[in-house]
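To keep things simple, chains are lettered A, B, C, D, E and F as they appear, and every chain counts its residues starting from 1.
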Amino acid sequence: MQVSARNALKGTVKNVVVGSVNTEVTIEVAPGVEVTAIITKSSAENLKLAEGKEVYAVIKSSDVIIAVD
Amino acid sequence: MQVSARNALKGTVKNVVVGSVNTEVTIEVAPGVEVTAIITKSSAENLKLAEGKEVYAVIKSSDVIIAVD
Amino acid sequence: MQVSARNALKGTVKNVVVGSVNTEVTIEVAPGVEVTAIITKSSAENLKLAEGKEVYAVIKSSDVIIAVD
Amino acid sequence: MQVSARNALKGTVKNVVVGSVNTEVTIEVAPGVEVTAIITKSSAENLKLAEGKEVYAVIKSSDVIIAVD
Amino acid sequence: MQVSARNALKGTVKNVVVGSVNTEVTIEVAPGVEVTAIITKSSAENLKLAEGKEVYAVIKSSDVIIAVD
Amino acid sequence: MQVSARNALKGTVKNVVVGSVNTEVTIEVAPGVEVTAIITKSSAENLKLAEGKEVYAVIKSSDVIIAVD
């Protein structure tokens, strides 16, 4: 499967925090560079997300904000 | 300034493509790891974005989709 | 590939309108039910989107607003 | 009321799961075609969402990702 | 029509900039407080948006980022 | 820090509701005009959000939907 989202960063799941409806997943996409995702609890279960699993962090380019110091 | 968005990836602007309303900006956040952003043309001008500039790619964790092979 | 987005509606591309940076794609997900997507022009080209192609409209559940009359 | 969001899919609420801050709502927009929304608990209460209620799933076209096999 | 989006700020259109696919609309929601929206060109036409028109800026609470100095 | 998001509305925190993963924050951006944000619980803690604190509600222009009566 290929997606139109311009950003599909390959990484490894570092941490999973389960809530009542949502789950927070932290993904290391490069040494020391982490991306955190909030997804539904049922999606996290369907994808069998757990520490160490290889995943992609998919982000639409229109969802990225640029900040400068 | 600090933001609530969980993801603020530090990087360097690699490429800027200007459209009529929007501008596409590619940011290298780690060697070989790039994030593309679509922002308004006027924002790109206000931030004086150009190749080589140091920026942050700010992404809300609720905007990240996780994909697995 | 499997995605955490809860919504992956299977459909057929009905129409593609190309802009300078973005492209608008209309997908029929059921008879008479259409979903319109704005994606980057380069993504549309990479995916070789054209009328009649079978695709999925992927939508994060946190991006859906509910309206009632 | 009319909205700028290109997608306003008419449907029927199939399921409502209540969390501490958010609520997950599943809407059938065509036979066998469902859209899931995560909205705030208070919004779900204000709209009196319950199984069988007729609603619209409103989605901005910039929030739709296209995937192809 | 009522929407699940928590934020529906009443305002007046101040400015409309038309692009090839998208249109940028600036709305004054309080004296000196403006909100800018990027919507599709066809949506702007359907809603007959023009300077002085009364509109609502509808924003999902999950799309708001909080920043502090 | 400057951000590409076109909307950075200055305001005061009016209310904070803490959930298991997310926190709901209400910000008054003008007398009688409020914006509600859902952010992660840990972000709310990092930013030390509490009633009366001065903050900015940052919103990408592509996340704003326009509605008309």
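Note that a residue touches a chain if its C-beta (ideal position, glycine included) is under 8 Å from a C-beta of that chain, and two chains touch if they have at least 3 such contacts.
Since the model is a prediction, treat every value here as computed from it, not as a measurement.
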Intersection of contact sets, chain A vs chain F, gives B, D
Identify the chains adjacent to both chain B and chain C in the sense defined at the top. A, E
Among all chains, whose Cα centre is located farthest from the one for chain B? D
So using the touch definition from the top, which pair is joined by more C-beta contacts, A-B or D-E? A-B
Centroid comparison with chain F (C-alpha atoms), farthest chain: C
Using mean C-alpha positions as chain centres, tell me how far chain B is from chain F in Å, no decimals. 21
Intercentroid distance (Cα basis), chain F paired with chain C, Å: 29
For chain E versus chain F, what separation do you get between their C-alpha means, in angstrom? 16
Overlap residues in chain C, where contacts from two or more other chains coincide: 1-6, 19-22, 24, 36-40, 43, 47, 56, 58, 60-63, 65-69
What topology does the chain touch graph have (line, ring, star, complete, other)? other
All pairs of touching chains? A-B, A-C, A-D, A-F, B-C, B-E, B-F, C-D, C-E, D-E, D-F, E-F
Given the complex, residues on chain D that touch chain F span 1-5, 19-22, 40, 58, 60, 62
Give every residue of chain C touching chain E within the complex, in rising order. 17, 19-24, 36, 38, 62-63, 65-69
Note which residues of chain F are touching chain E in the complex, please. 1, 3, 5-9, 24-25, 27, 29-31, 33-39, 43, 47-49, 53-69
Footprint of chain C on chain A - complex, ascending: 1-6, 37-40, 42-44, 46-47, 56, 58, 61-62
